[in-house]
Amino acid sequence: MDPVVLDSLDPLIGRLRARGYAVVGPTVRDGVIRFAELGSAADLPRGWSDEQEPGRYRLRQGDDLVFGFAASPDSAKRYTQPPRSSLFRWRDGVAEETPVEAPRVALLGVRACDLAAIAVQDRVFLGGRHPDEAYRARREALFLVAVNCAVPSGTCFCASMGTGPRATTGFDLALTELAEPHLFLAEAGSERGGELLAELPHRPAGPADLEAADEVSRTAAARMGRHVDLDGVKERLVEQRESPVWNEIASRCLTCTNCTMVCPTCFCTTVEDATDLAGGGAERVERWDSCFTLGFTELGGAPVRGSGAARYRQWLTHKFSTWVDQFGTYGCIGCGRCITWCPAGIDITEELERLR
Amino acid sequence: MTHKTIRVGGLTRVEGEGALLVRARAGRITDLQLRIYEPPRFFEALLRGRDFTEPPDITARICGICPVAYQMSACQALEAICGVTVDGPLRDLRLLLYFGEWIESHTLHIYLLHAPDFLGYPSGIAMARDHRPVVERGLALKKAGNELVAAVGGRAIHPVNVRLGGFYRAPTRADLAPVAERLRRARDLALETVSWVAGFDFPPVEHDYRFLALTHPGEYAILSGTPAVSDGTRFPVEDWPAHVVEEQVPHSTALHARLDGSPGYLTGALARYALNSARLSPLAREAAASAGLGPVCRNPYRSIVVRAVEVVHACDEAVRIIDGYTEPDAPAVPVTPRAGVGHGASEAPRGTLYHRYRVDDAGRIAETDIVPPTAQNQARIEEDLRALLEPRLDLPVARLTELSEQAVRNHDPCISCSAHFLDLRLDHG
Amino acid sequence: MIPTPYRVRSRRPDRADTVTLTLEPVEGACPPFLPGQFTMIYAPGVGEIPISISGHARSGGYLQTIRAVGAVSRALCGVRVGDVVGVRGPYGTHWDLAATAGMDVVVAAGGLGLAPLRPVIRELAAHGARYGRISLIAGTRTPATLLYPRELARWARDFDVLVTVDHPDRAWKGPVGLITKLVDRIVFDPARTCAFVCGPEIMMRATAERLMGRGVPAHRIAVSLERNMKCGIGLCGHCQLGPLFACADGPVLGYDRVAALMEVKQL
Amino acid sequence: MKKLAVWKFASCDGCQLTLLDCEDELLRVAARVEIAYFLEASSSRDPGPFDLSLVEGSITTPEDAERIRHVRRVSKHLVTIGACATAGGVQALRDLSDVKEFLSVVYARPDYISTLERSTPISAHVPVDFELRGCPIDKRQLLEVIGAFLAGRRPVVPAHSVCVECKARGNTCVLVAHGTPCLGPVTQAGCGALCPAFNRGCFGCFGPMETPNAAALKPRPDQKVLQLYGSRSWGQRDA
């Protein structure tokens, strides 16, 4: 189906809800744009924008746009790989698989970088010899409505990672918000996306609409706050394994895990085994873990990567080097979340530059 | 038998650690000491020099059973210095928090600490073997109280959401709606509790107590009010130091309080009820009547009934407040420091809890004075014991011990609270 | 990632802190395994750990030799015959014996490293004719911690078996000290030798380096990586060593692929 | 049936109350473990020995120093519960002199550091099998520890930062988004990131996380951080 123009997002939200999706999108909460379930388009953060820099996020009044802000601390990861999920229960020698919770969720407002992150996770969880069926179920229950970025933040660098700002693949629908007149250009990226679009009140997009949308993405690309030079980065990080820079970074790093927690591609988990003291059964739960915790690499009672320097090195090297060996893609998609949400304001783009 | 010594090494089923020592000779008690040997923790010294915003969090740590009481008395004393009043929905939230603590603390005492005395068990858990549904009811009721504290304060013990001027985050109506649902059920459990405890067998004892409690024109005073005495005396909380004087007694790490010159007054459930029973919610009043409580109750054993009635009141009022709750515009009113002295008192589950602070103009605390309920009651509890034991000195020591522990438990003393205010070192020589 | 219930068919204490369990599925048969592979064994309510398969029981079950070092291994060592535990796998890469036909073989084990190598040694003992000269060298802390002493004695009839200990007791007459010394004492033709090395990381490095010093190329030295594993199938991230997942790319890997990685501290 | 004992030293009672606050689990737990000594809850005084002793409170008097040795003697496993027993508690802002980075985060007053010199954690007196953190301890963690000791496994009580739980819970980071000082990055998880969930900075009631880098968290001089918990080891632990 060719691109069309929508006046309002309410019919879209309504249709999705009618199909049994919980529509989840950006809202304002606690002074930050957060994902939450939407009742109608009125819940969207119209008129809000954000300022993001290393270790700092502030909401501010912006242009009269519905999507006039950049990445939020939430990403699709919370839905594809929830922070905690039960794997199985064990009772009297019988393992009982916990039914996978895969709610039908329509994510409205994911960005090109988020789609790239989902593609990276797909490779991690579905690309190997032992695909993760729970991930597959949750992934398949998602309906993705992307929004092309108009206002990147100070910590964004998707343009240099080649993952944005325009969504080209991996979505069911993609919207571009146009300012004057205020409209949404909508394109379908899947069959079900096309079917849904056809049901919405719309008119065909004209060349002016298409040009306006292109202009949005062009301007956004030019306004990226940050940049990474990928040339030779994979080899460089391996060569720099013994660099003194790691120690210097470690002196500033809190090893608090925030970067890995907000990163939409970081996938490391651990499991917790619990016995039900009162009842007698046992349960195994999987939860987010991070290469920054000591328990993560414990071996024979001591962590393999005991120093903060070794743990930071693991994270950055994984993202930009060994991830490529393992999965044929970078582990970073340039969303800048780890930069903004690092309480110490450590900036991976800057550290990569220093590790030249 | 002319000499007799009763020694209870560690009082059980009370909060904190205390002991009892009674010496008798020729049918007369020569020495009776409710000993609070719990080591002092010097909170008043600890607060000196700290920022005026910190007492709610620090003094909460005096007692894990009634942290909210400490937070509320501290907030009000300090807000008084800064000239701030907290009312409207923020005051309602404070009341909710406090009611939650009352429900939790009273129910704990009723079911797990006190009732086993009447039914003859060493503990609530042992009692559950024969009376499981009853104990389960108690636990469910207690849980409702904890859930209310957690919904407003973040967690049941040492809530984190309290600050001078209000809260860090005001719960939404949606946050509180499910709590109200559970409280409605809890209210029924509380009514059942009243009829359950009303049926206990109470020794026919009456003491001529001098009661002290807060009073409030519009409500059954809990969060704030004017101290009043059953003899008709009434004084603003600012005058507390003129009326209540603490003195050190050698056998205790807690201070004994004197009211208007003489020791031996009582604060707590019986006092509140005696001074304020007319202000109980209609449902609680009804429950009190059906349990056979008159306007005043002087039988310490029946304090369990009064507590149960107060739980009904707390559930009932909490439901009413949540139903009428409107979210405040801001979670707290701004508070800026200024030099001065402030007094605050509120009704902890165990009685009136008074705080006084002196703050300099930079907002540093220069002086603190905290008078917890059990320190006030200690002398009176000793009198109860004397009256109980003296006529019965020929009973076996084991039985006397049992009776003494029960008599102490009647007043739900909180020894952790009482022990932490001494600015002196113990001499262990 | 759900474990399959396996019944403990037999439990044989090997040493003070080590037992060998025979595990068979409660229903059905054990999936086939290759020497060097491991399973994830779940002690109900306690946890799940990777344990190598140390052999095939005659009945078809897995033999798994476990040393009690922590909570899960202690729980597994403490099971009784008839108990049910959970098993996933077998997972991971294997010792490639097929590529070894006709060559000299050096098997080097440090401590518990003998367990994952046992299927290899059993194969060598059973079909010695298929290979060139065979040597087994092993190191252990004390004579009392030496695994499979009776089997070692039996194997010694078929090929060279040398054992060294760190701390000898009075009865010990054999070599004392590092296993690398044994590398110098065995006979093989470096140009046509394959080595299988398993043990603590430093032991594997030292042994591999010594073998290379004697002319064995790195790619013909196989080592087995030990890292903390939670999923065992490349999804949880714990067991990474640089570009490798020990569970999926390993545990058995050519030394040529890991030599440089093992040199880096805290990688 | 295994025997459980609960002991109290200088403390507020909150941590032992946590056991009674397990309203849904208490009776079922009591059916599987004999709660043999617990003065706050029961008049029966079993002399022991006990399979598991939970110890609340810090040691502040010579009598208590003696009593804790007795507790150790009659206990197979001894687990301390709460900040008082584990680190000396609110009453023990001491030992700060040797952790300079930490001092820069807190504003403790020397006058009361010396006042409270005598409040020492249980581990300063007897060997401790496990230290459960928190002021008060967390209910789920308490049940986990009891369950783990009785089942013979390692308790799942991670030593990483509060931030891990904060992000998992979906809180907004108050430090990054509001500039509110927050000790979460240097504090051990366990509370479920409670304070940030209520829009306030963590004040460290679970004590230092496994590798606290307090120097990297220095708040601006004009920012106040409530710091209640001194500790033996809030400095950078060498790894």
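Each chain carries a letter (A, B, C and D) given by its place in the written order, and its residues are counted from 1.
Keep in mind that, in the parts below, a contact is a pair of C-beta atoms (placed from the backbone, for glycine too) under 8 Å apart; a residue touches a chain by one contact, two chains touch by 3 or more.
Since this is a predicted model, take the numbers as computed values, not measurements.
Among the other chains, the CA centroid farthest from that of chain C is the one of B. Set side by side, the interfaces B-D and C-D show unequal numbers of C-beta pairs in contact, with more at B-D. In whole angstrom, the spacing between the mean C-alpha positions of chain B and chain D is 26. The distance from the centre of chain B to the centre of chain C, with each centre set as the mean of the Cα atoms, comes to 65 Å.
Annotation: 41 Å between the Cα-based centres of chain C and chain D. With centres set at the average Cα position, the gap from chain A to chain D is 35 Å. The residues of chain D that reach two or more other chains are 24, 151, 153, 199, listed in rising order.
Touching of two or more other chains is recorded for residues 273-275, 289, 306-307 of chain A. Contact of a single residue of chain B with at least two other chains is seen at no position. Applying the touch definition to all chain combinations yields A-C, A-D, B-D, C-D.
Partner chain D is touched in their complex by these residues of chain B: 10-17, 38-43, 45-46, 48-51, 53-54, 57-58, 61-65, 67, 104, 108, 112-113, 116, 122-126, 128, 132, 135-136, 139-140, 142-143, 146, 154-158, 160-161, 163, 167-169, 331, 405, 416, 426, 428. Chain C meets chain D in the complex at residues 45-47, 70-72, 74-75.
For chain D in complex with chain B, the residues that touch the partner chain are 8-18, 20-21, 23-24, 26-27, 30, 35, 38-45, 60-64, 89-91, 109, 111-112, 115-116, 119, 135-136, 191, 194-195, 197-200, 203, 205, 224, 226, 228. Every residue of chain D that touches chain C in the complex is listed here, in rising order: 151-154. Those residues of chain C whose C-beta lies close enough to touch chain A in the complex are 1-5, 26, 42, 44-48, 69-70, 84, 86, 226-228, 230-231, 233-238, 240, 242-243, 245, 248, 264-267.
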